[in-house]
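Read from first to last, the chains carry the letters A, B, C and D; within each, the first residue is number 1.
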Amino acid sequence: MKEPVNTPSLTDRVLGWGTFLAVTVALYLVFMWVPNEKIQGPVSKIIYFHIASAWLAFFAFFVVMVCSIIYLKTKDLKWDIISYASAEIGVLFTTIVLVTGPIWGRASWNAWWTWDHRLTTTLILWFIYIAYLMIRSSFNEEEKKARFSAVFGIIGFIDVPIVWMSIRWWRTIHPNIVSSGGFAMDPSMVQTLLVSLGAFTLLYFYLLRKGILIQKMRSEFELLKQELGTGR
Amino acid sequence: MHMLTGIRAIVQKDLAAEFRTRELLSSMLVFAVLTIIVFVFAFDPTKAVIRQVFPGMVWVCFIFAAVLGLNRSFVSEKTNDCITGLILCPVDRSVIYFGKLTANFIYVTIVEIVTLPLFAVLFNYKIPLQAVPALVLVIFLGTLGFTAVGTFLAALSSNARSSEVLLPVILFPVTVPVVLGAVQATAAILSGALTAEWVSWVKILGAFDAVFLVVPFVLFEYVLDM
Amino acid sequence: MEYLFAAYMIIWVLIFGYVLTLGKREKQLQEDIFVLKKYLSNNDKKS
Amino acid sequence: MIRAVGLTKTIGRKEILRGIDIDIPSGQFVTVFGPNGAGKSTLLKTLALISRPTKGEIFIDSMDTRKNTDSLRQKIGVISHNTFLYENLTARENLEFYGRMYRVKDLKNRIFDVVSQVGLDFSINDPVRTFSRGMQQRLAIARAILHDPAVLYLDEPYTGLDPHAIQILNDVLSQLNLQKRTVFLITHNFEEGIMMSDRVLFVVRGKIVYDGGRDALEKNDLRSLYLDKVKGAA
């Protein structure tokens, strides 16, 4: 018996290279092609990947909710695996948003953190899905882990618009010292942004497939361990 | 009608057990008062700053005491597996949820009724009489929203290995709108601001409460399913 | 300009870090599964 | 009375019940034997509507349990090794609580009846936490029959019982038998288990491996048959 070498399926390979290509194109557009924003200068280039990350994170959490609902309806662990993989990616990209946001803010407003409503909502979003991951790690039995995290995945997502609403209202009555600022969008900027969004969407699906694959392997591993345990 | 009978039975059962031992209420009250004392030491009660941070302090105190109570509410059902006894009862699952929610709401309200006057006295803070009805409304909505989500998540976390630690971590991010809304509305009311300024906060609190009183109708059975 | 550099550095470090951990987990699991399978098939032969 | 078709329960990746078909007519006393971890308790929990099956259907009184779940629970009583009793409440308060949840009519007299049936008349106003294990179990029996269920499920009720409590439990069971109530009993105790039983089931690894009438069996045969079936299926 030879140790199996990892041979990704055709879809995976196409997706992998497609993602690589798309991200490269996006990078080229961001750094070489698109003009600097007039007021903010080169720092404005952060915004493309910042927004793309935010989009990706939000999309990932949306997937978590949808798969959670399907899991509760079908009780098929397949959907739980997708939720988990997606939540992890979502948290990663929320982290990116939370790090790049302040850097951009520091450069353009000279303040690391502002309690701007977008940034604050993102922070809360991050905490909600950290909580989701913590729920997952506090249950041993597969079924409970899947069921309770699915319930929380739904609640968390329902909560997001209310959080957004309340924080926006909070900011409007306590006006920021630094206004969130106008950003005059040139057509070339819009195009760059769209390509970045596309590239990150591909990246999401690439990571998701990888995450699912790993979870499936883990399931197989647990199954084998059980077989050993039953004393064959 | 049947629903109300079931909810009442659960609430009376919880309250009867609680008033016999007073375990939960006494620890919630002592904790709340201790929080006030800590605030007194942390912020000089004679300074003018107090006027600005007072609403925040009050709600921090309420919410911490509430978490203490919520943590126990389903863990106590685990002794003798009483939770299975509840699941067996021929009532809609939401009856169990609303029964537990009402009991928790009553505990937190008792703590609030005791601590709010204490806050006012110890910080020498005059609460204008005409602000009281609005204040009661806001405290009611805020407490309802927090305990609604809290009861639901307490039921969820009571199954976990370390439920006492898990509950606050999963509860606080979800209840951000409640905390924000309650503190801001309280501040606006106490500072005698125009009605329009706190009404929108009341709306947000109301929306939150409505959403999280409806969600359990659908989702609570998944939390209880053994 | 440094800010731009820092931001993209962090983005790439995080993404690549994640991809690497995923790869590591995958490899580890692959090895574990391989060992278990071998062990199980040996057991079968004996019995 | 109870009918289950193709009952399957998977918890995570483990298959606890693997396609169980069962039909228990009204008034029958069924005893279930099986090794630990065979899925007996899970079977009872799904039939008692405590947990939902992954696949399959359960009918109680010819009614689909997925539709009328809450009202069908009215017909079910459960006695397990856990008592479902609140320690800080008195015996009376416990029974009052459950009686109200089940909307028992004429609750006061009914409580008086069941309490005297289990011989706890004198302790009715004492908190449950002062009760001995046997007394608590007796109160649990009273709690389970309080709403006069048509089906009584018992999960290892004999564990930890003193002879007196066993006597009371058996009295209650034989009375239910006379009243043509359906009884579903899980136990390891061959002696007690077979005494009133009409029908015997063996459950091994999530499947029913033996299903036979009581009259075909003698006590000693049962033991050897059991060991045979368990070994054969494992």
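By definition in this document, contacts are C-beta pairs under 8 Å (C-beta built on N, C-alpha and C of every residue); 3 or more make two chains touch, one makes a residue touch a chain.
Since the structure is predicted, the reported quantities are computational estimates derived from the model, not experimental observations.
Undergrad: Of the chains shown, whose Cα centre falls closest to the middle of all protein Cα atoms?
TA: Located nearest the centre of all protein C-alpha atoms is chain B.
Undergrad: Express in whole angstrom the distance between the two chain centres, defined as the mean CA positions of subunit A and subunit C.
TA: 19
Undergrad: When the centre of a chain is set as the mean of its C-alpha atoms, what distance in Å lies between subunit C and subunit D?
TA: 49
Undergrad: Measure off the straight-line distance from the CA centroid of subunit B to the CA centroid of subunit C, and report it in whole Å.
TA: 44
Undergrad: Give, as an integer number of Å, the spacing between the C-alpha centres of subunit D and subunit B.
TA: About 39 Å separates the centre of subunit B from that of subunit D.
Undergrad: What are the residues of subunit B that contact at least two other chains?
TA: Residues 225 of subunit B touch two or more partner chains.
Undergrad: If two chains touch, include that pair; go through all of them.
TA: A-B, A-C, A-D, B-D
Undergrad: Hey, which residues of subunit A end up touching subunit D in the complex?
TA: Against subunit D, subunit A makes touches at 75, 77, 141-143, 146, 219, 222-223, 226.
Undergrad: Under the definition above, what is the set of subunit B residues touching subunit D in their complex?
TA: 2, 5-6, 8-10, 12-13, 16-17, 20-21, 79-82, 84-92, 225-226
Undergrad: Going by the contact rule at the top, pick out the subunit A residues touching subunit B in the complex.
TA: It comes out as residues 72, 124, 127-128, 130-131, 134-135, 138-140, 144, 147-148, 150-152, 154-156, 158-159, 162-163, 165-167, 169-170, 173.
Undergrad: In their shared complex, at which residues does subunit C touch subunit A?
TA: Touch residues, subunit C against subunit A: 1, 3-4, 6-8, 10-11, 14-15, 18-19, 22, 25-27, 29-34, 36-41, 43-44, 47.
Undergrad: Within their complex, state which residues of subunit D touch subunit A.
TA: Going through subunit D, the ones touching subunit A are 10-14, 54.
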